[in-house]
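Shared chain: chain A. Partners: chain B in the first complex, chain C in the second.
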Partner chain A sequence: MPGTILENLSGRKLSVLVIILLACQLTCFLVGLIAPSPAKSQPILSTVCVDNHPDADKTNRWFTRQCERTVDLSHEKATVGLDAKNLVFVVQMPLYNADFSRWQQNLVGILQVDMVYQKGRKLDPVVELTLDSRLAFSDKTPDGGSTPWQYFAHAEEKRYMDCSFDENSIAEKEGYPYNCTMVPLFELGSIYHDYYLLNLRLPYNYTLKKNVGLGKIEDIYLHMIHMNGGFTRVWIALKTFFFPIIVGIMIWFWRRVHMLNRTPALLEYMVMALGGTLAFLNLPIDYLSLIFDMPYMLLLSDIRQGIFYAMLLSFWLVFAGEHMLIHDNGEKNNIKQYWKHLSTIVVGCLCLLIFDLSERGIQLINPFFSIWVTPVGTNLALSFIILAGISASMYFIFLCYMIWRVFKNISIKRAILPSMSQARRLHYEGIIYRFNFLMLATVICAAFTIISFILSQVAEGQNKWDENMDLELSSVLHTGVYGMWNVYICAMLMLYAPSHKQWPSDTVCDDGEEVEFSRLPTEATPNEISSLTSFATKASIE
Partner chain B sequence: MGKVELPGIYIYETFFISYRRSKQPPNKETAFTKAIISAAIVHAVTRNCSKGEIKDCGCDSRIGNPSYVPYTEDNTMNISRTLQEEIEVQETKWSWGGCSDDPKYAIEVAKKLLNGLEKGSDAAVYVARHNNKVGRDIIKDTMTKRCRCHGVSGSCSLQTCWVQVSHFRIIAKKLNEKYIKAVKFTQERVEKAIIPGNSLRDISEEREIRGSEKKLVYLEESPDYCIPNEAEDFPGTKGRICSRNQLEQASISERKSCRKLCRGCGHRVRKIKKEVKKRCNCIFAWCCEVKCDTCIETVEEHFCN
Partner chain C sequence: MRTILRKKSFVAVLFSNRSATHNETGSVKNQCRWLKGLKHQNRLCVKRKGLAQLLQETRKLTIESCKYQFQYEQWPCSAVKKFFKKVYRETAFMYSLVTSAFMYLVARGCAEGKLANCKCASHGKSENASKWQWGGCGDNTKFAKTFTNKFFQLKRKGDKPRNILKYNSDVGIQVVVENEERKCKCHGLSGACTMKICWKRLRPFEVIARELRNRYHNAIQVESDNNVHFLEKEDTNQKLVYLENSPNFCPFTAGRRCKNTDNCATLCCGRGFSSSIHTVKETCKCRWRNESLYQVTCQQCDKDETVYTCQ
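Let's look at the complex of A and B:
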């Protein structure tokens, strides 16, 4: 009965393979070095324009930086005679004569409202903002100019802002700034146009409680975060590189499985499915966003990543389960046996999908939408996230329990190893070693992912502004981790492909005990894919 | 370039700020003036950069070039020659790695502009340039970091952080603390403390003065500001307004102002009653102080006489 390549590969070949994979991994890290940081922000200070006809139709009336009359809100006299509806905060994106490139992928806008202390006016700790925001776009024309501004989106949304003021330590309070949190304003899933223009109004209405809690605003900044073109290029290059490799290995794997006179085993299906989801994740459809307007790319890439990680988690479960043997009586393995364990993943992923659809899905229609604004939305979002968290922790309890049982089985069987013949013992020791090796690889990959996540948080969280922040740790970590999972799954596909070699034990051994061992009833089931599994089966029967 | 504005928070201090190209005595007040003007320039230029009013900031590559001096006549010739190239370089830079949002450009402008005014290589020049640097460093030290997660489903798998320049009032407050803690150096000590090297070659070059890290440095004691001195360009405190406002909102310097400005200088305090039109009973509403009554109020003003 054939085993997997992992068991039959000679130590020399295995080490060559491992070295190739490690080299591949190292390349992924080095590739990250040439990329800039994944995303960058640009602060834009809004220009305050005066709208002399605030009640006229605003759909195609746009205020730009070069508007007729601007005011400086820090001068009290400048605003005499003006009303809240007269003021338009204008933000033209991007700054400095530049224009957006479609490689920059997506755009996040965050608002920072600078309020200052005013005598006799006490702000609530939570300030409610009503934002009437309009977005317009424009494109470059071949002669160097740009097309007129065209309507893109409009919404009136509420946002909440926490503001604090340390009354005790400040002597001259008047005009001293409040410390307020920033508020998210919009999210665009694609940057299809060259220029964007934001016209923001803060309407005041006492009866409708619009902006009644606002203090004296001096400035409004828009922090615009976009992906970096250089990072996207490197990222898509990685995907384009891995996609054909994964597809090629999958074809090779499936042909090998079909060459055998048996139906594929569950673990083989799982490995194939894992490869499939990785291929889907690697599929470089991002190229299309350079030509077409695809605002759903952000949502799609969330879903692609979600599917991949769900499959990876399921694979680990089944992998551990297949080596622990829930089925003692040799019945055909199938996915239904794992329904309890897999349902944790399904529930968790569904929760996250619903959450994502209700945030980023609605943002396809209204880029200013945020689920976190209304109390109902916040509760809904939180409950989905908490539910996903509970499923995740249940999943990890299941997984850890299963792995613990596998290791227990192995250690029990290790005790009987000395009573076996030399050849068979070496063989089984090798299998256990390689199984452990793979477990180790998984643990290292998982640990590395967690470490890199923490590292990127620490690197970004450093509180000092340095003039020489040139080394981009976060992009190295991102490409490194991405490459690592690709390499890991390539290794899975290669090492778990069925081997064509015959078991040495079947031909060499003539010892009575060994014959009995190999004639166990479970051995006859054609779907056993590795001799370790049969080894463990024997353990559980004994 | 944008205008530089100092907020009116020093109206009750004894010292007098003036900034002319002529040599100023290297005293404590001059040190403060240098630092706050240097900080104000950085602040104003940064603001104008993020408003999109100055084209040179952001992706500009020239700023790293030591021969680049902003705002000079002959320099514009060089710029226009390579303008097309420049734009292309900037385009590629922007689309590859975005534009840096830090006040590097503004700091460089302030450094070249102000250090260029301090000519020579005596101790006073070193000290002046040092105090300019203190002002610029304050901007860096008061910058705050903000982060935003925008990864998968808005999680923190991807996080972008940036630093932002603080409100000028925060900077002014920090500088005021530095003014109080300023250190006095003697001429010899400055000369000794300067890390050895050739004389200042570059017009904006700075030398680190040992033992003065991030502190304002002065060489001379302040003159008596009570007495007017035309040569040093300060008018004395006679005629200055002081305040006897004892309300809680009044700051300490405001409350003590009559004692400090007038009595401390041997002047008498004169009280004038004035009728002024004031806006009152205001209902604070965004945006503009709209709902106010006009009242006529009798106020007491105090002068040093």
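Let's look at the complex of A and C:
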């Protein structure tokens, strides 16, 4: 019977393949070395401008850093006679005469409000901010100037800020700053224009309870976070490299399956689908964002990633299931058998999709939107996340149970291995070994992903590293993990492709009666994908 | 005397009365006129846009915070000429304070885009756009440190007392660097930690000045600059160093105000102090002015306050 390449490959060839894959993996890591960190932030201190006509139409009135009159809020005398509505906090992005590049992909703004202690006035621990923010854009002109500012977005949004003040340890309290958390302000899914301008106002209204809890503001910083062009280049290069390879291997795989005189097995469909989602993930449509304004790129990449992970999780489930055969009624290779297990993935992914759509989807219309500021939104978001968490844990319970049963079946079979003939025993031992090998690879990949995630968090938090080292650990980990899953699925496609070698193997009867362990190469079971599966079938029957 | 400083220094000029009366407006050349004796600093001041204003801010910030930090100390931050002839403890402090104030303001000026040619800090000298596209800009304090070194010529070798002063300036830089708070933020959907981004945030200058005042009290006397080389090896908690013993400030503290009985004992050098109760106006019952959020209106209340004065 034609088995998969995994079983028919000699140990030497397998090791050569493994070495090639490992080299590929290592290259992905090394590629990460040339990339800068994935994203960078830059703090920008806002300039406080005076708006003399606060009630006039603001749609096309923009204040830039070079506005007529600026005030320094730390000097109390400067604000005499001015109202809250007179003051405009101006942030021009980016700084230093630079201009944004479309390679920088997306832009996030985080606000830091520095308030100072004033005698006789203690802030609440949670301060509600009302932010009237307007964004404008401008583009470079060929002669080196820039186009006039044009309206981009406007919203009045609420944000919450936690502020603390350690009264006991600070001796001279007056003028000492509060320790406040930063608040996310906006998120742009694409940087299509060269310059952006933020005009921020903090309207005060006692009756509408707008900004009533604020203290004396000295400075407002905007931390602007953008992707690094260098990282995007490396990332897209990786995608462009892997995309044709994956597509090529998929074509090769499917050709081999069709050369056989049988309908493809479920696991073969699953491997193909997995390859397909990876190819979709690798599809370098990011190139288009360099030409067109695609603010939905963030959402799209979330969806692409979601589809890939959903498929990967389903694949593991079916992979484990096909080697254990949860069905005893003889009906095999049917995706319907797994509806219970797969529904956990579907429910989890749908929840995350709805959550994603209700945050990033709405951000397409209003970049200042955040789901967490209204109680309804918070509850909705939380319930979807909790639901997704429940389905994820149910999935893992299912998966662990299945893997445990596979290993139990294998150990039962192992017990009777000594009673087999020498050749047959070696054959089965080899299959078990390779199955374990692949299980091990999966576990290592999963473990590595988790470790690198933790490492990248820790590495960023480390203080010492960036002083003299320009090495970017987090980008190395990102490209490494990305390459790893590509390599993993390449390996799956190659090792689970049907072999054409007429390997002398055991025949298993379709109906699962008495199994003859003869080494006749003639009889092929059309529905079996590997002799391991058949072996497992036998084991479960016994 | 072996430790006489002959050359004029930026710190001495900054603390001199002449610069305080300097006219702040006018052209850049005018704004930099107070530096006319200092070739290097004057050239930079004229050349770099925004630096002239920043230097005046440096002067203001330095003198204000020095006076504030030393209001209840024996040395009232009075910059007498002789402090710039030899290296006293006070000289060491003033050098470190000026350097740190300058670095602090450069970092701030860069963040506001006021100072020209701040450059992307992570890439040192490069000014071309492709570097910014490739790796973005690093934190401003890194650039501020480099620029401070350049402005104060800290990397240049000097004679022995100059090296001591440079060392003290280094302490100023180090204190600013130590007062960088590292802030991190998760970057992902709804702040999910798919990517974590960290940056530095400077604590207010008051914190830096207070730390330097503590180092003033813990300063150590050295014999020659050989000790400085020894000190530089251990880069944690550098101490201020000086060569000459400070003059006795005790004769000049009569009539000065002190904070409390403990403070009075040291400030008045054991001569005793008088206390009197004054009625002072104090802001109280502060509430929000109905129309503005940046201002609170307060009432003036009378409050009895004990005022201690040295005899």
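By our rule, the second predicted complex is superposed on the first by the 515 of 542 C-alpha atoms of A that agree within 3 Å, B and C clash if a C-alpha of one lies under 4 Å from a C-alpha of the other, contacts with A are read in each partner's own complex, and residues count from 1 in each chain.
One rule holds for everything that comes next: contacts are C-beta pairs under 8 Å (C-beta built on N, C-alpha and C of every residue); 3 or more make two chains touch, one makes a residue touch a chain.
Quick caveat: nothing in here was measured; it's all calculated off a predicted structure.
Once the complexes are laid over each other on chain A, chain B and chain C cannot both fit and instead clash. Of the two partner chains placed by the overlay, chain B and chain C both lie in contact with A:I44. Looking at the shared chain after the overlay, A:I245 reaches neither chain B nor chain C.
In the superposed pair of complexes, A:L455 makes contact with neither chain B nor chain C.
In the superposition on chain A, no contact is made by A:L364 with either chain B or chain C.
In the superposition on chain A, A:L283 makes contact with neither chain B nor chain C. Put simply, chain A uses residues 36-45, 47, 65, 73, 76, 79-80, 82-84, 87, 92, 94-96, 98, 101, 103-104, 108, 110, 112, 118-121, 172, 175-177, 182, 184, 202, 204, 206, 211-212, 214, 216-217, 221, 223, 225-226, 228-230, 233, 302, 355-356, 359-360, 456-457, 460-461, 463, 474 to touch chain B in one complex and chain C in the other. Touching chain C in their complex are the following residues of chain A: 36-47, 65, 73, 76, 79-80, 82-84, 87, 92, 94-96, 98-99, 101, 103-104, 108, 110, 112, 118-121, 172, 175-177, 182, 184, 202, 204, 206, 211-212, 214, 216-217, 221, 223, 225-226, 228-230, 233, 302, 355-356, 359-360, 370-372, 381, 456-457, 460-461, 463, 470, 474.
Across the complex, chain A meets chain B through its residues 36-45, 47, 65, 73, 76, 79-84, 87, 92, 94-98, 101, 103-104, 108, 110, 112, 114, 116, 118-121, 170-177, 182, 184, 187, 202, 204, 206, 211-212, 214-218, 221, 223, 225-226, 228-230, 233, 301-302, 305-306, 352, 355-356, 359-360, 453, 456-457, 460-463, 465, 467, 474, 478. By the touch criterion stated above, chain B contacts chain A in their complex at residues 7, 9, 47, 49-52, 55, 57-59, 87, 90-91, 94-99, 101-102, 104, 140, 143, 145-148, 150, 152-154, 156-164, 166-167, 169-170, 173, 249, 251-253, 284-290.
Residues of chain C that touch chain A in their complex: 108, 110-113, 117-120, 122, 129, 132-140, 182-185, 187, 189-191, 193, 195-199, 201, 204, 206, 283-286, 288, 290-296, 298.
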